[in-house]
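Got some structures for you, see below.
Two complexes come next, and they have one chain in common, subunit A, joined by subunit B in the first and subunit C in the second.
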Partner chain A sequence: MTARPLTRRRFLQAMTAGAAAGPFVFTPARAQGFNWKRFQGKELFLLLTKHPFIDVLEKNIPEFESLSGMKVKWETLPEIQARQKLTVEMTANSGGIDAFFTSLHVEKKRFWKAGWYHPLNKFLDDKTLTSPDFDWNDFTPGARAGVTQPDGSISALAAFVDANVVFYRKDLFAAKSASPPKTLADLEPLVQKLHAPPATYGIVLRGLKNANATQYPSILFPMGGTYLKDGKAALDSKEQVAALELYTKLLRQYAPPGVVNFNWYECSASFMQSQVAIYMDGVNFASQFEDAAKSKVVGKVGYAVLPSGPGGHFSPIYITGMAVSTQSRSKEAAYLFAQWATNKANMVRELMAGVGVGRTSTWDSADVKAKPKMPADWYQAYQASLKIGRQGLPEIVGVTEYRDIIGVAIQKGIEGAPAAQVLAQAQKEFQDLLNRTES
Partner chain B sequence: MRSSFTHRHAPWLFPAPAVALVAVIIVYPIAYTGWMSLHEWFASSLARPRFIGLGNYARILLGDPRFREAVVRTIYFTVLAVAAETVLGVAMALLFNREFWGRGLLRTLAILPMVATPTAIALVFVMMYHPTLGVANYLLTVVGLSGFRWTYSSQTALYAIAVVDVWQWTPLIMLIALAGLASLPREPYEAAHLDGASTWQAFWHITLPLLRPTIVVAILFRAIDALKTFDVIFVMTQGGPANATETINLLLFNQAFSYFNMGYASSMAVALFALVMGASLILIKARRTAAW
Partner chain C sequence: MVRGSATRRWLGTAGFYALAVLFMLPTAFVFYWMLTLSLKPQVEATAFPPSFVRFTVTLAGYREVFTKYPFVLYTWNSLVVATGCTLLGLVVGLPAAYSIARWRQQRLAVVILVARIIPGIAYLIPWYIFFRSLRMVDTYGALILTHLIVGLPIIIWVMISFFEDVPADLADAALIDGCSHFGVFWRIALPLVKPGVVATAILSFVFSWNNFLFSVILAGRSTRTLPIAVYTMISYEEINWGTLAAAATLITLPVLLVALLAQRHIVTGLTFGAVKQ
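Presenting the complex of A and B:
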């Protein structure tokens, strides 16, 4: 999925080229058409989610209030509770929420089908509503695809973009003169070489059902596997079997005991306790590795892009965004907030705090370079991953149910069941889910 | 005249507020759940709930192995946990029924687990059960045993959770049994003593039969609660690994609030209600009949 070229894109290119292109596009005078204070005096209500991105954003909301002259009220809930509250409010058609923070990798299709996202295409094209320096095309292709629906409607503005990367122990690698895995074929021999229990386990990946579904594609995509083929479930393909075999074998043979119930919390704890040589997970977990209060491995962690495989080179990405509710009575004002929250200046602030964002301009930001919070290879691994980013989960209505289905298959695999057998069962359940919800 | 109206209708008027309250907060939700269970309804869908009669029930009874497994698991967990709690609880009651120095203090300590918040307990046990960092395996290695996987393996997870339940709820059975013991008459014991009965015979032939109604009540309380266990399992394993600890309550929570299949989840709620009701009726009947 690539983003549709927008007319604004041509405009922005023209602007940078200079005013010579004037006759066909608006001259700088049109910038007067946009005004942050346009909805002065209005009041907005936001439903936000407990998230590192929001932690940074919340502190700056007063700045938006003085910029726009609007009053902003908001509520920040843990993700699951926020989703439940949103479902209740929207089902009741209360109109009480103007904008909300949305986890697109879970909610994208369901909320779109329910009609809860107000499509932002017209707003983005409207020069009086979108600030000239917003620059939609500054978002990476993966981030734009992640917020765009099959019918081309844009459901949110991308905020936090998570990508899976490899975390590895530089000291342990140096001792064995090893380097980060380039291909999937390198992975198992490498892990085996580093595996020296109980002092060091070769690798850790999430085992807990549902949670593991976001890490599995780190192996599945390079293996050439997909979730759907021609709209049908494709969990029993030979690529799937190979991927599940590798994922579960690594955990069964080279991971700390009990990994079958490890969520990211247990995984990163064992990595920070210096128990594990390689850990693959979302890039944002890295900030705690470099925190001496929590971690025994400060300064010893290397960051690398995921290995490639016979199916290509990918990094599963997960996108959250700021969406405008269809039930809002002030959609345009809510859009101003969403726009402000994801503009260049705020995204630089996020990146400086170690929160990954999908805006290319932030990578060259002088502020980030001057005061990097993370090591240089973190930024490199993150940028390289965004370039090969692919939506990590199937874009269907029943994402949570899918995650449980594949999650249980992975857990059974870790405990020794044959991959082909657990995937045959998962295939049946997944197709049944698609029949029930996608028609 | 008004007073005569009030007098005539007093039996209806006085309980009326209570009846209305019960109707609103108990009867209505149960009836509404029953009504919802006859529909197919996705909570985030634009489509209205669709009436499908007994379709959801047909699916849970015939078409959903995950539900069948959850039913078996729920019953197994309940029998296991409540049996252990009953044996231990009655034994503790017999112990604390004797006079000994420090009895009051020990009895208070023994009921502490019951007072603690289940979620907090669950979190503590999660840490203790951790295969490499937890204290449970550390203690096992100290006495020379090899470590368990506890909640981190599908073979042992349900038992590990049952241990938490037993630890927390044995004191409840003990308290009820203690109350029962305190009200037992002394005469049968004196007669047995004169006839030369041993302590064990007195326990088996006098204490246990006399205590039986009390024990059945205790089992009834615990069984109803154990069938509905949610918080401890949710916090400790979320039903895993590989659904090994997914009881009916966990499954229906997932259906309702993770997958938003409200209608289908309602039918499971009704099924769980029937199961709890059935178990209660059997136990109440057991209490009324003379023999075990």
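Presenting the complex of A and C:
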């Protein structure tokens, strides 16, 4: 099933409606210009997710209320529970949610196909609805691509952009006079040099199935691998085999015992407990590393952009955004909120709190430079990663299923199975999945 | 001889307690770990090897529970919903159980059990539509009514066996003396099964207290219950163990207290129904 096929009848209907409504809608609007108070007195309901970005945003919502004259009610739930609630509300067609925080790397295509995202293209083009200083082109190309669907419709405004980077222990590196890996070829010799168990393990990456799928592209992309080739599964390419071989070999030989079952939690904990020299994961973890109440490695962590490889230089990125619900009864008002939440001023606040955003201008903001919360190399590594950002997961309906398929292959690889063999199996399952869900 | 049997008895007692401790250890350790975790700073909570006995004690977790989250409101919500669900469940469930037991309405009993067997998630969307159109989402009423789907079958099923043990002769005697059926239930059967009522009330209270799924969908900001509150301490790529464990400890406490206070009733309650004349 494709989303809302454009039939001839609907096309004609839309044309007539547009022709009839056009003059009445646009003439007064043009005279009006942009005005935050346009929907004064309305009430909005938001479904938000427990997330560092939202922690910062929530504190400022009263400011939006006084700016817009609207009343905002919201609920913040953990991601999985929020998704359950959204699914129930949307299936029930309740119209109760006006805007919601969405994890595009998980639900982008599924929600789009279900028709839950209201396309924002027209709103963005409408000068009466979009503030002149919003500046869509200020978002990085990766962030813009992350919120845009295959048909060009924009499903959300990019909020938090997570990029994969290298975390490394500066003290251990200095002792061995090592420097962060520039290329994939540097990686294994470097890890080997730092590996001194049981005090220090060379590297840690996620090993647990499904979770490992977001770290695997840190090796796969520079190796030259992709998930799809011409719309078909491409898990058995020679680049994939090389990438899986490297990823699993590093974990098999140089990671803490039990890594095959490590999720992000075990990985970051082992790094913060000073057991590991190199860790590659989402840049967002840094705020925990630099908190003495949580970490034993405060001030000892260096941040670097991921190594490049024969296939180029990439950083897998994962994007969350603020979306407007198609079922909302006040979509334009909800769009004002989404716009405010991702405008320059709010993004600067996020960055100052150590939450990364995909807006180019914020990184040079005087406020951020004057009061940096994080070390300088964190900002540098993050910014450099955004420039080479590429969506970290395949943009398909069955993202979770894909993550399980590749995840199992990686786990088997860590346990010693040959990469070509596990990938052949994964390729078959992935193609089956695509046949089932993408047609 | 005498000394020998005394020794044997002593050994028997010792063996009994040793076994009891052995079986209790896994359960008790979970509580111990939760309690210590709630008192540890995060950096020690994730330490490896774990620190079981010696660690820095901090009350930061508890402080955060009360300052960063409206914990008192959540507790109040949970109390209202669990109490409401239990009381309503008893009002509806006790006469139902009595009727099923007295007139052997087995099919009715099975139908009620089926309601419990169907996974709760199957009800969610119909319920949501239903409560939404009644404008009851985010009200205590919706939560209490939905929690009944868990509480009511338990009350009815446990109480059926209690009422079955009340001799039918007693009821017949009362009827001959001019008592109505409701009178028999109220004045004769109910006082006899009081321990059972206490036991089922506690069970129903605990089920409602711990229910997560219905509350997540049907509760809003003002009626959110405690289990959801615990989940809000899990953020994106971050778990706040100290606060999580502190909240878990505080949530367990009332249930534990109620259970301890009513323990005698539970024990007699559970055995009473099993003994036939």
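Note that in this section the second predicted complex is superposed on the first by the 407 of 439 C-alpha atoms of A that agree within 3 Å, B and C clash if a C-alpha of one lies under 4 Å from a C-alpha of the other, contacts with A are read in each partner's own complex, and residues count from 1 in each chain.
Assume a residue touches a chain if its C-beta (ideal position, glycine included) is under 8 Å from a C-beta of that chain, and two chains touch if they have at least 3 such contacts.
If you're wondering where the values come from, they're calculated on a predicted model, not measured in any experiment.
Student: Should the superposition on subunit A be reported as showing a clash between subunit B and subunit C, or a fit?
Tutor: With subunit A as the common anchor, subunit B and subunit C collide in the superposed model.
Student: Classify the contacts of A:76 with the two partner chains as first (subunit B alone), second (subunit C alone), both, or neither.
Tutor: In the superposition, A:76 touches subunit C alone.
Student: If we overlay the two complexes on their shared chain A, which of subunit B and subunit C does A:110 touch? Say first, second, both or neither.
Tutor: A:110: touches subunit B, not subunit C.
Student: Touching A:404 in the superposition: subunit B (first), subunit C (second), both, neither?
Tutor: First partner only, subunit B.
Student: Quick one: is A:91 in contact with subunit B, with subunit C, with both, or with neither? Answer first, second, both or neither.
Tutor: Both partners, subunit B and subunit C.
Student: So, does A:295 touch the first partner subunit B, the second partner subunit C, both, or neither?
Tutor: second
Student: Look at A:118 in the shared chain and tell me whether it touches subunit B only, subunit C only, both, or neither; answer first, second, both or neither.
Tutor: neither
Student: Would you sort A:265 into first (subunit B), second (subunit C), both or neither based on which partner it touches?
Tutor: Touch status of A:265: second partner only.
Student: Where does A:49 make contact in the superposed view: on subunit B (first), on subunit C (second), on both, or on neither?
Tutor: The second partner, subunit C, only.
Student: Considering only the touch criterion stated at the top, classify A:415 as touching first (subunit B), second (subunit C), both, or neither.
Tutor: first
Student: Which parts of subunit A are touched by subunit B and by subunit C alike?
Tutor: Correct list for subunit A: 84, 91, 269-270, 273, 275.
Student: Within the complex, which stretch of subunit A touches subunit B?
Tutor: 80, 84, 87, 90-91, 110-111, 113-116, 198, 207-210, 256-262, 266, 269-270, 273, 275, 397-398, 400-401, 404, 408, 411-412, 415, 437
Student: Residues of subunit C touching subunit A in their complex?
Tutor: 41-43, 46-48, 60, 124-125, 128-129, 132, 137, 216-217, 220-221, 228, 231-232, 234-239
Student: In their shared complex, at which residues does subunit B touch subunit A?
Tutor: 42-46, 130-133, 147, 149-154, 157, 237-243, 254, 257-260
Student: Under the definition above, what is the set of subunit A residues touching subunit C in their complex?
Tutor: Spelled out, the residues of subunit A in touch with subunit C are 49-52, 55, 73-79, 81, 84-85, 88-89, 91-92, 94, 96, 264-265, 268-270, 272-273, 275, 282, 284-285, 288, 292-296.
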